[in-house]
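Sharing a structure with you now.
Every chain is named by a letter (A, B, C and D) in the order it is written, and numbering of its residues begins at 1.
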Amino acid sequence: MESFGIAGGDKRQLYLARSLREDGYPVYFHGLEALNEEGEFPSLSIEEMGERCEVVLLPLPASRDGLELNAPFSQKPIVLNDGFANAFRNCLVIGGMVGKLKASSPLWEQSRFLDYYQREELTLGNAFLTAEGAVALALEHSPGALGGSHCLVTGFGRIGKALCLALRGMGAQVACCARKPWDLTAIRALGCEALEYSHVNGQYDVIFNTVPARVVGEEILSRQGPDTILIELASAPGGIDRQAVEKCRLSVVEAPSLPGRFSPKASGELIKEAVYHILEERRRP
Amino acid sequence: MESFGIAGGDKRQLYLARSLREDGYPVYFHGLEALNEEGEFPSLSIEEMGERCEVVLLPLPASRDGLELNAPFSQKPIVLNDGFANAFRNCLVIGGMVGKLKASSPLWEQSRFLDYYQREELTLGNAFLTAEGAVALALEHSPGALGGSHCLVTGFGRIGKALCLALRGMGAQVACCARKPWDLTAIRALGCEALEYSHVNGQYDVIFNTVPARVVGEEILSRQGPDTILIELASAPGGIDRQAVEKCRLSVVEAPSLPGRFSPKASGELIKEAVYHILEERRRP
Amino acid sequence: MESFGIAGGDKRQLYLARSLREDGYPVYFHGLEALNEEGEFPSLSIEEMGERCEVVLLPLPASRDGLELNAPFSQKPIVLNDGFANAFRNCLVIGGMVGKLKASSPLWEQSRFLDYYQREELTLGNAFLTAEGAVALALEHSPGALGGSHCLVTGFGRIGKALCLALRGMGAQVACCARKPWDLTAIRALGCEALEYSHVNGQYDVIFNTVPARVVGEEILSRQGPDTILIELASAPGGIDRQAVEKCRLSVVEAPSLPGRFSPKASGELIKEAVYHILEERRRP
Amino acid sequence: MESFGIAGGDKRQLYLARSLREDGYPVYFHGLEALNEEGEFPSLSIEEMGERCEVVLLPLPASRDGLELNAPFSQKPIVLNDGFANAFRNCLVIGGMVGKLKASSPLWEQSRFLDYYQREELTLGNAFLTAEGAVALALEHSPGALGGSHCLVTGFGRIGKALCLALRGMGAQVACCARKPWDLTAIRALGCEALEYSHVNGQYDVIFNTVPARVVGEEILSRQGPDTILIELASAPGGIDRQAVEKCRLSVVEAPSLPGRFSPKASGELIKEAVYHILEERRRP
């Protein structure tokens, strides 16, 4: 039975650890002090973790800058260098969005190193959590009701799909923009209004952007009212034209990392599941 | 433990009988021969039933014309007269919509006689079943898809409410007409379009009438296309103007008795539940 | 055309005022200074308002203690006394939950005084808004996902109904407790699990209480896990046993006044609609 | 502007023709006599159609046996041979599932020949229509209510997804079997129960099979009750073990070609859309 070391991360890692422990695995922490003040999990140094744990789990993203581990609840910064990489040379290391971390030391090339964020079950699960977080933001920031409101969703990828369903489930009238003909077909079949981008000409209570390309520009924004809420779900620089937002005196709700923020337990469990599937596949002959 | 006699009725009575038997009660039939060809339930004459059964269950409606029991699966007509009433003088008789039957003999005045159709749980349950049957008729008769279609529901009583929810659940765009301001509020909150009757001016794929008063007249009908389906859910004479229907070359799907037609088992179980509640209340001090 | 005076209240009154103004009515403020810093609406003294405005709208509730008007955004307290009542002697005064205010001066007896909170369209609309706020609280406070979670709703009144629909719309597995047989029928038909109170024995991710009587006691609470969230939607003292909560080391999210907190614009518009209906009915011969 | 010739097919072709005509195109028929008794569309011989029409649309499937065109409403059989292929040598021919037809003459190799059934918008649209048809069959054949019922869906492909959503929208409790971990994640997030095939052990009111491999065998079937309805949505031989069905005294509702049967208009419009997209793509440089 594996021992799991968890280095860095946020509340998701705490729930991940609890869920692993419930399944019977020993779990050790490094760099999560502020979430572990009562010593719920034993702490190890990097070197001890490398020796004691077969599997080491790194956060999502593993590093934001390539210099330090993503560890906001650590007492002190955890520098990424050859020493850090060397400590885990005998472990199976699994992290999320690991590109910058891998570039921090040539030693990682020789490690067994995997990315759980490339697992479809995690990506898709995160999309549903993101949609829930977006609904939470809309409920909090829009002064109107969601039931009966007019919402626009741009994009019908994983997040857009989940969002259309959730908003309709809350009683909203949903329009969704997409390019592919089969997406337009599905949008209509789900009871939403299917729009091509060039045909958006309504006023909405909430606009959710999921597309990482400038699709919400002045033409759309100039039609909105003072109470319209814009929610940016795409990663920076997003798809909402900020200059046009200012010109139209609207405001944008930034919405990065919604799964970790609104659903750390569900996020941790999604990571655990992805890790289990990775381990199962490695065990198969 | 009571013995139940079931006299007359249709498939609902068969499922009612099975459900009573599963609960451990003895059940006897009269006037259900065509549904009981293999003798699943013992048959009794009216007189035997009156002697052997504490509770006698009559159909819904108990009689259509006041002359005969509503017994379409009986070998021969069951005439309502003093003899019929007298046979059950010592039983608790429970039927549905019993007015015409009660008028058939003065002896009923002296009987213990109750109407299960006056139970809200049965009326409400039937409304949900009616809405399901209406969805089935729309799926069958409308050449278009229900998902993404435009539907109009007139009335927001029990059936109208259930229908709005079911249609939205199937992905339709639903407009609903009502008079009371709080109904309009609820319609909107459920993600449907709330309309006053005088404001209906769209073309719809399916129009469901639930109002037993002429609310779907020429003004609405003249706006519909050749593929528009009209479904009449209100009891005769209904709320759809038939002369205007002919003038506009539209056609009406008649939809009486949907619970018995599409959901005889669920209907029988609703009757059983209502009967149980009646018996419980009588037992309470 | 009426002039409207709005005295006291919160953000709902601001949106109410804007909505009245959009319909073309003159609107004046008293006791809303902190929401009106840029002078969006002209301010009047109580006396001026009484002279200038045909209709005076008071907040919901009009007073919390019977001593002062409910006016959290007023520069100074607005005392309820004969002077206050006298100022409005020629106006039509419409407020929400006006009992304590009316008791503050015998002069109110001679006023034309109405309660918009007794309008079903407002009560029902508020129930939908409360359900939305409750979903927002669940999304914010529960560390898990709502989609796929197990939720318990106690009570199937206006709020319970709206909540069951919204939770199911978000993908939750919903159980709902009720007493009336027809409520149990409806709960099942909506795809939720219908429970009698004595049969609750599961562990839930979120428990929403809507019943103003002790229905969530130790027997239910002792079965919950450390991540279970309790949301109290009933007015004080609510229906969740606080001693048992402490004993079981759970925590309660207090949830008063959700419509004003999460949907001030929608709340203000519901008040406007109720006021319009009151005025219409008074105009009718 | 193109002229369209429509040869063979069923009611879908009639609605396809009407929809093309509404867009302004001339449309001609061959082999649709029984649907065109009043001469709504002009009829042409095969040779005339080949000369007069730029685009010829064949049915879905184009041929069932490779010997005749699929033309159930034709006065006489339309034999597939070199003459048939030669007639259309100068046309753009677009049909659905055209394999067997293409094999009927070597001349087709030299034709411009396309398959609209390979368009994702048509396949996906058909999946939604199939799900609607499956709901209609369940409503018609199951004696119970759909709301509150327990349904099992096997497979979470296009049809399985659409079916889960529609059933939940109708208030059913839905379990869905799938293999891929991300499918299980999505099933849960949509408020359904996610099951691995080996874990199915419940009794259901309706079982919908969408998988074209033996996944519903004796182990599942032996647990079902006499009122359980089985609906086979996969193409022959389907996924329901017929021997086990007989052994368990259950019955199967065959459900081929649901889109054409329940939604010919929507099907025809999907074909039209796919054809338009094909033509647009051919026009692009």
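Everything that follows uses one rule, which is that contacts are C-beta pairs under 8 Å (C-beta built on N, C-alpha and C of every residue); 3 or more make two chains touch, one makes a residue touch a chain.
Everything numeric here is computed off the predicted structure, so don't read it as measured data.
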item	value
Shortest chain-hopping distance from subunit A out to subunit D	1
Farthest chain relative to subunit C (centres taken as mean CA coordinates)	D
Separation of mean Cα positions, subunit C and subunit A [Å, integer]	34
Intercentroid distance (Cα basis), subunit B paired with subunit A, Å	50
Residues within subunit A bordering two or more other chains	128, 145, 147, 165, 168, 170-171, 189-190
Chain-level touch network, classified as line, ring, star, complete or other	complete
Contact set on subunit C toward subunit A in their complex	11, 15, 128-129, 132-133, 135-136, 139-140, 142-147, 165-166, 168-171, 227, 262-266
In the complex with subunit A, residue positions of subunit D that touch it	119-121, 123-125, 128, 162, 165, 180-182, 184-186, 189-190, 270, 273, 277
Touching residues (chain side subunit A, partner subunit B) in the complex	145, 147-148, 168, 170-173, 188-191
